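Quick one: the structure is below, questions incoming.
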Amino acid sequence: MSKLLSLKLEKGNTIYGTCVSSMAPLWSKAVGNAGLDFVFIDTEHIPLERMEVAAMCQLYAAQGIAPIVRIPSPDPYKACQMIDAGAEGIVAPYVESEEQIKDMVGALKYKPLKGEKLKAILEHPKTIEPDLKGYVETYNRGNLCIINIESIPAVEKLDELLKVPGLDGVFIGPHDLSVNMGLPEMYDHPEFEKVVAIIIKKCRENNIAVGIHFSESPERQVKWISEGANIVIHSSDIAIFSQQLSKDINKIRNSIGDVSHQSTGNITI
Amino acid sequence: MSKLLSLKLEKGNTIYGTCVSSMAPLWSKAVGNAGLDFVFIDTEHIPLERMEVAAMCQLYAAQGIAPIVRIPSPDPYKACQMIDAGAEGIVAPYVESEEQIKDMVGALKYKPLKGEKLKAILEHPKTIEPDLKGYVETYNRGNLCIINIESIPAVEKLDELLKVPGLDGVFIGPHDLSVNMGLPEMYDHPEFEKVVAIIIKKCRENNIAVGIHFSESPERQVKWISEGANIVIHSSDIAIFSQQLSKDINKIRNSIGDVSHQSTGNITI
Amino acid sequence: MSKLLSLKLEKGNTIYGTCVSSMAPLWSKAVGNAGLDFVFIDTEHIPLERMEVAAMCQLYAAQGIAPIVRIPSPDPYKACQMIDAGAEGIVAPYVESEEQIKDMVGALKYKPLKGEKLKAILEHPKTIEPDLKGYVETYNRGNLCIINIESIPAVEKLDELLKVPGLDGVFIGPHDLSVNMGLPEMYDHPEFEKVVAIIIKKCRENNIAVGIHFSESPERQVKWISEGANIVIHSSDIAIFSQQLSKDINKIRNSIGDVSHQSTGNITI
Amino acid sequence: MSKLLSLKLEKGNTIYGTCVSSMAPLWSKAVGNAGLDFVFIDTEHIPLERMEVAAMCQLYAAQGIAPIVRIPSPDPYKACQMIDAGAEGIVAPYVESEEQIKDMVGALKYKPLKGEKLKAILEHPKTIEPDLKGYVETYNRGNLCIINIESIPAVEKLDELLKVPGLDGVFIGPHDLSVNMGLPEMYDHPEFEKVVAIIIKKCRENNIAVGIHFSESPERQVKWISEGANIVIHSSDIAIFSQQLSKDINKIRNSIGDVSHQSTGNITI
Amino acid sequence: MSKLLSLKLEKGNTIYGTCVSSMAPLWSKAVGNAGLDFVFIDTEHIPLERMEVAAMCQLYAAQGIAPIVRIPSPDPYKACQMIDAGAEGIVAPYVESEEQIKDMVGALKYKPLKGEKLKAILEHPKTIEPDLKGYVETYNRGNLCIINIESIPAVEKLDELLKVPGLDGVFIGPHDLSVNMGLPEMYDHPEFEKVVAIIIKKCRENNIAVGIHFSESPERQVKWISEGANIVIHSSDIAIFSQQLSKDINKIRNSIGDVSHQSTGNITI
Amino acid sequence: MSKLLSLKLEKGNTIYGTCVSSMAPLWSKAVGNAGLDFVFIDTEHIPLERMEVAAMCQLYAAQGIAPIVRIPSPDPYKACQMIDAGAEGIVAPYVESEEQIKDMVGALKYKPLKGEKLKAILEHPKTIEPDLKGYVETYNRGNLCIINIESIPAVEKLDELLKVPGLDGVFIGPHDLSVNMGLPEMYDHPEFEKVVAIIIKKCRENNIAVGIHFSESPERQVKWISEGANIVIHSSDIAIFSQQLSKDINKIRNSIGDVSHQSTGNITI
C-alpha cells in the first residue's frame, strides 16, 4: 500500500484511470479488471463527502489503484483532509495563480507544517532546516500535487505556473476550458484543440505530467497521448453506464420496431 | 407516482429495465435518459439493505420508473417490507413449488392480511368477504408478483406453477438455470436455449409476462423477444461499466502500443 | 441507563410513547420535550435496519426514554439482535399462538440460552438449575416481551395466549385488526370498539400491560385508558407532521383565498 | 423535472414550503400530501451533508417539489456543490453586502464560469460575449438566488442590495434579526414587526420574492402575505412534531389526571 | 485478493485474528500492523448490516486479511449473502445438528446450486455430475465453513457433527458454552476447561481447524494452542479499547490521587 | 444534558477524556465504563462529517460525557455548525493570532450574532446592550472555546493570545509542535519538554485550562498534571487498539515460537 503512482510517472509510464462516482463496494473490482493505475474521485461536482471518500481511498489503495481526489476549491485544509483520508494525489480545480499552487504544495509536500513557519518556507524554500526537510520529504513521499488548467488566464501564465516547485501534474478540464474560451462544449473546434495541444506541450517541456478528463470516445485519448499527454483519464462510471445503456436499449427497441427513446440530456462530469 | 407498470404490461407493451446496484443519487438520471420502464434492484446478490432500497424505490418511483426488487429468498415478510419501502414488484428467487408462489401472492395481493385468515383465503380464495376483497384489491393495486424460474425441477412443474392465481411474471435466471442443468455458463448450448424457449412459450400461453436477466450483448434480448418475451432486463450498471471500461482502455493501450490488460474475471450479477 | 420501563409498569403508572421513524439525531430532543417514557421503533413497516435501530436505541436509552422495537415477524433471532442493539422491549407482530410467544420469551428472558436446552426449559420451566435461573434473570432484567394482538383468531384464544409465563404486554394493532375483522379502517364501528374493549379487559385481568397504537386524535387514547389501557402509544412523527402540516397550509391557503389542496392519502403506520 | 419554481414566481403565485430536516425516504410523501411547492433544506443549522442533501434534492425534485438549500455561509463553492446535488435554489445566510450577492449570482447564474473571467463579467455584465451569455442562461435556467436578510446593517443598505442583478428572493430570518435588533425572540414587538414590514415592502417594490421562515402559528404567515410576502416558509418537520406531540400528550395526561409535563425548551430552527 | 486463508490452514499454520466491530476505514491499518491473517466480523451480536459488512470484507480482503463473518443464525441464505459481499468464511452460531451443517455446506461449497437439486446432492454427494462438481469446486474455492460449538448437546454429538463432509473449522463460543453448562462466565472452572479441551482434541483428530473466541488475557490463547488449537481469535477492538482505556485512566487517577472509577460492567462480545 | 464540563473546570477538577474515532453506537459504553468526562472528536485528521459528529455528540452528551470537537481550521462557521450538532466545546487547530481567537469567541460566546454587529462587539465588548448581553450569555452557556497551541510563533506570543476574553482552554498538539520546532516526534527532547512546561505554566497563570493530546504511555499525563495541566486527553481508540493488539498478538506468537510480526508503522492521531 505504499504510494506508487508517482514512481510510475517518474519511470515514464503512461498511467490510466477513470472517474468513479459510485461508492458501491463491489465497484473496485470493475476498476481492477480494467487494469487501471488510478481512480479519479471528483468531490467538486459529485456529492461525495469525507467518510465516503475515505472508504473509497482505503479500498482502492489496498488494491494498488491510486486514489486521486479533486477538492471543491484550491483550499489547503481540504487537501490535508483528503490526504489523511488516504488520497495519493490531490487535484485543485480552476487554478490561475502561483499563489494557489504554493498553497497546495504546502499542504501536500510540507505536511504537517502550517501557519507562519510554512509561509516562510514556501517563500524561501532553502531556509528549511536539513533535518526537517528530510522528515517532511519522507512524511509526504508519493503525494501528488495536481492542478486543473481550465481557463485562458491560466494558459496565459502557464510558464510561471508550471515552474512552481512541487507541482507534479496538470489535468485539463475540457468543459470549463471550452466555456471560458467562449466555445462551450465545442471540443472539435480548432481553437480548442490548439489550446489543449499547447498545454500538453508546455507541461511536458517542464516535466509536468498531463492528461485531460474526457467522457467521450477513447480515440481522443489516443490523439492526446500522441501529442504528449502521459495521463489517461478516460470517462466516468456514470457516463459510460449512461451512454452504453442508452445505446443498447435503443438497439433493442429498433430491432423489434419500438419507437426509439430520445435522451433528454448528457451525463458527464 | 401511481403504480403503472402493471398497466403497461396489460396493454401489451414490451417493458424495458436494467439492474441497478449503485445508490448514487445522480444514477437515476442515467436510467431516465435511457427511457426505461423499470429498474431491477437485486438484494439477493447485491449488498443493499432496506434503507438503501427504500431510498432507491422512492427516487425511481417518483421519476415514473418502477422499482422491482428481488428478495434474498421467497419470504413473504421480506416481500411486505419491500412493498412498504416503495417497491412496485417483487421477484422471489429460485421458486420450485406452488406453495412458495401462494406465499408471495398472499404478501403482494392480500396485504395486510396475515396468519390464519390469510392461510384460509389462499386455500379457498372464494371465501373472502366481498367488501374485504374490494379493500385488499385497492390496497394492493399494481403490486407485481414475479418469480425466478431457474432450475429443471421448476421447469418440470411449470404448468402448475404458472396457474397459481395472482402470479404476474417470470424472470428467467440464466446463471442458476445453466448450472442447474449441468451446463454452467454455457448460454449458447442448444439445450439451454431450448429450455429458455419453453419457459417463454409457456408463460405467454398462460398470460404471464416473461423476461430473462442477461448481462451480455443486447442482441440476445432481441432474440428472446422474437420468441415471445415481453420484458427486457438488460444487463446491470456494474456489468456495463466493467465491460465497456475494459474495452475502451484496451483500445487506448493497443493504439499506443502499451501491453493490453488481461481481465481477471467477469462482473455480472 | 438501567432498564426502568418495566419498573414503571410494575408501579402501576400509565406509560407514554410515540412511534418515531426519523433517525435525525436532534429528534430525540422533541421526544424528550414531550416527557415520554418510551419510543416505539417499528421495523415491521418502516425501513430501518440494525445500524439505525442501534443508534436510535443507544441515544434514546441514554436519555432515559425506553426504546421498544417491533420486529418484522415473531423471530427469536431478530429479537436477540434488537436486544443486543439496545432495545428494552420487543414487540412481535401478529401473534396467534402460544408457541410464538414462548419463542419470544425464550429470546427475551432466557438469553443467551438457545437450542435444545432452551427448548427443554421453555417446555418445563421448573427444570432450570437454580443458579442458572438467577443468572439469566439478572442478565435479562428489564427486557419487555410484548405481542401484537391484531386478528380474530388471536382474540379467540386470548385467554391461553395471555397466560404464557414471561409475557409482559400487548399492543393492539388497529389497522390489521380492523381488516382481519372485515371492517377495514372502520375504527368507529361498534364491533371494532367492542373487540378492543375485550382485549383491554382480558389483558388487565391477567396483569398484562396493554395499549393501542393509533395515529389519530388523542381523545381515543383517553377513552381506552378509561377502559383499562395503561400504555399510550400516541401516533408517530410522520403522521403528526403530515396531518398538522396539511392542516396549517390549508388554513393559510383558505385565509388568503388560494385553492385548498386535496391530500391524496393518509400517512399512518 | 425541469426547474419550475421560478416560473411559478414569475406568474405571480404565492409559493408554499416547509423546512425538512429528516431524510427518512417516506417523508417526501408527507410534503407531497400538503401540496407544497418547495422544501427548505437548511444546512446552516441542521447537520445534513452533501450526500444527504443530494438524495433529498433528487427525491423532492422528482416529485415536483423544488429543493431550496441554505448553505452555511455565503460561499460560492458551496452554492455550486448544492446546485450540482440537485438544488433549484440557494439561500445565502446573513448577507450584508453587495459583494456577497454578486458572488452568489456568479455561482448561480454564470456557472461554470469562474476565476478572473467571472470576476470581470460580474463587474461589467455587458462585456460577456452574446453566445456565451446564451449558453450560461440556458445552463443555469431556473436556479434561484435567495439571500437571508436578518440584521439591521442589511436593512439599512437594503435598497442597494435588492438592486444587484440576478437576485431573485429574500428569506427573512426572524431569530437572527430579532437578536440583531436587541429584541431577542420578541416577535410581537412593534419594532420587529415594523422592520419585517419594511423588508417585505422594499422587496416587492424591487420585484424580489420574499417570505419569512417562522416556526409558530400559521396565522403569522397570513399576516405577512397581506403585507406583500409571496413566499410561505411555514415551520419545520421537527418543530411541528415537537409542538403537536407535546400538546397531544399533555391533553391526554390532563384528561386522565396525570401531572402535565413541563417542556424544557423549544425546538425551532 | 484470492482466498488464501484455507491454504494457510492446509499448510499447518496457526492463523491469527481478532474481532472487529468498528467500520471506521482507518481501522484496517491497525489490524494490518498487528500482522493478522483474518478478522472476525460478528453480525450475530454486533449491529452491522450487509452494506457495512460488504465494505469491511472488500477492504480487509484487498489487504490480504481474510474476512470471516458470523451470521445471526445457521441460515444458508444469509451465508450466501455474506459470501457475495466478500466473506472468505462463514461462522454459523450454536450448531447442534448435522442437518444445520449440511445446509451451510450447501451454501458454501455448492453455490449457486439450490432447491431440490442441492438437496439431492447433499444427501448423496456422489450423484453430482463430474463437470458440475468441477465447476462448483472452482466457483467456491477457498470458502471456509465454520460452526460455533457452544452447548453440551453439540459436544455430545460432536463425533457425528465433525464428520459432515465440507466442514472446515470450529469456533468455540465460551460465553454461551459456560451458560449452557450451568457455569456462567466461570471460564476457570475445571469442568469448563475440560470440555474445551475435548472439543479441541476431537476437532484436530478429525482434521478440523479449531479456535476459541476469547476477550481476556492472551495467555489463554497460548494454553489452547498447546492443547491443539490452530486458530487464535484474540479479543475484539471494543474489548481491548475498553479494558486498556479503563486501566490507563485509573493508573493516572491513582498517580495523582484522584478517586479511581469503578467500571459498571464488562464489554466483551 | 446541560453542559457541565465548564462547571467541572471552574471547580478545579482535573477532567479526563480520550479521542474517539469510531462511531459504532456501542462505543459510548466503553468510554462510560472508564469514567471519562469528555470525548475528543477530531475532525481535522479523522474522516468524520457533520452527520456522524452530530450522532456522536448527541449520544455522548446524553450519557453525561461532554463532546469536544476539533474543527479542521479556525473557521467560525464550522464552529457554529458543531455547536448546533451538539458539541460542548470547540478546538481550533494551529492558532497563532489574537484575531483567530476572537473569531472563535464570536462563534462560541455571541451566537447567533454575526456580521457587522458581531465585529463591532468583538472589537469593543463593552458596547453590547445589557439585555442582549444577558441573552447571548444564557444562549451560549457552557460552550468551551479551546485552541491548539502547536507552534513556536504561537508560543512566542502566548501572553497576548491567552488574554483574549472568552478563551477557556488550550490543547497542546505534540506532533505539530515537535515538527514546528524542528524536532519531529522527539517527545523526550529537553527542548520539547521545556516548551510544553512553559505553555502549561502560562496557561494556568492566566486561568486557562490546559492539556496535551498524547497517544503513548499514561505516565506522561501524570508528569504534565504535576506541572499544572488540568486536562487529560489520553490517547485514542484506534491507538489503544492498535498498540495493545500488536502487543498481545506478539506475546502469543513468541510463546508458541511463531515469528513475531514487525509493525510497519504507528497509528496515532
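We just call them A, B, C, D, E and F in the order they show up, numbering each chain from 1.
By definition in this document, a residue touches a chain if its C-beta (ideal position, glycine included) is under 8 Å from a C-beta of that chain, and two chains touch if they have at least 3 such contacts.
Protein identities per chain, from UniProt: A, B, C, D, E, F = Aldolase/citrate lyase family protein.
Treat the numbers as computed from the prediction; the structure is a model and nothing was measured.
Steps from chain B to chain E, taking the shortest chain of touch contacts, total 1.
Looking at the partners of chain A and chain D together, the chains they share are B, F. Interface residue usage between chain C and chain E, two copies of one sequence, is largely distinct: under half of the residue numbers at the contact are used by both copies. Taking the mean Cα position of each chain as its centre, C sits at the greatest distance from chain A. The mean-CA centres of chain E and chain F are about 38 angstrom from one another, to the nearest whole unit.
Note: centroid distance chain C to chain F, computed from Cα atoms, is 42 Å. Separation between the centroids of chain A and chain C, computed from CA atoms only, is 53 Å. Residue numbers of chain F whose C-beta contacts span two or more other chains: 25-26, 46-47, 49, 51, 54, 85.
Across the whole structure, chains are in contact as follows: A-B, A-D, A-E, A-F, B-C, B-D, B-E, C-D, C-E, C-F, D-F, E-F. By the touch criterion given at the top, residues 44-49, 52, 72-73, 94, 96, 151-154, 175-176, 179-180, 182, 184 of chain B touch chain E in their complex.
The part of chain C that touches chain F in the complex is made up of residues 1, 25-26, 28, 51, 54-55, 57-59, 62-63, 85-86. Contact residues of chain A toward chain F in the complex are 49-51, 53-54, 77, 80-81, 84-85, 112-117, 129, 131-132, 135-136. On chain F, the positions that touch chain E within their shared complex are 14, 16, 18, 21-27, 29-36, 46-47, 218-219, 221-222, 225-226, 232, 234-235, 237-238, 240-242, 244-246, 248-249, 251-253, 255-256, 258, 261-265, 267.
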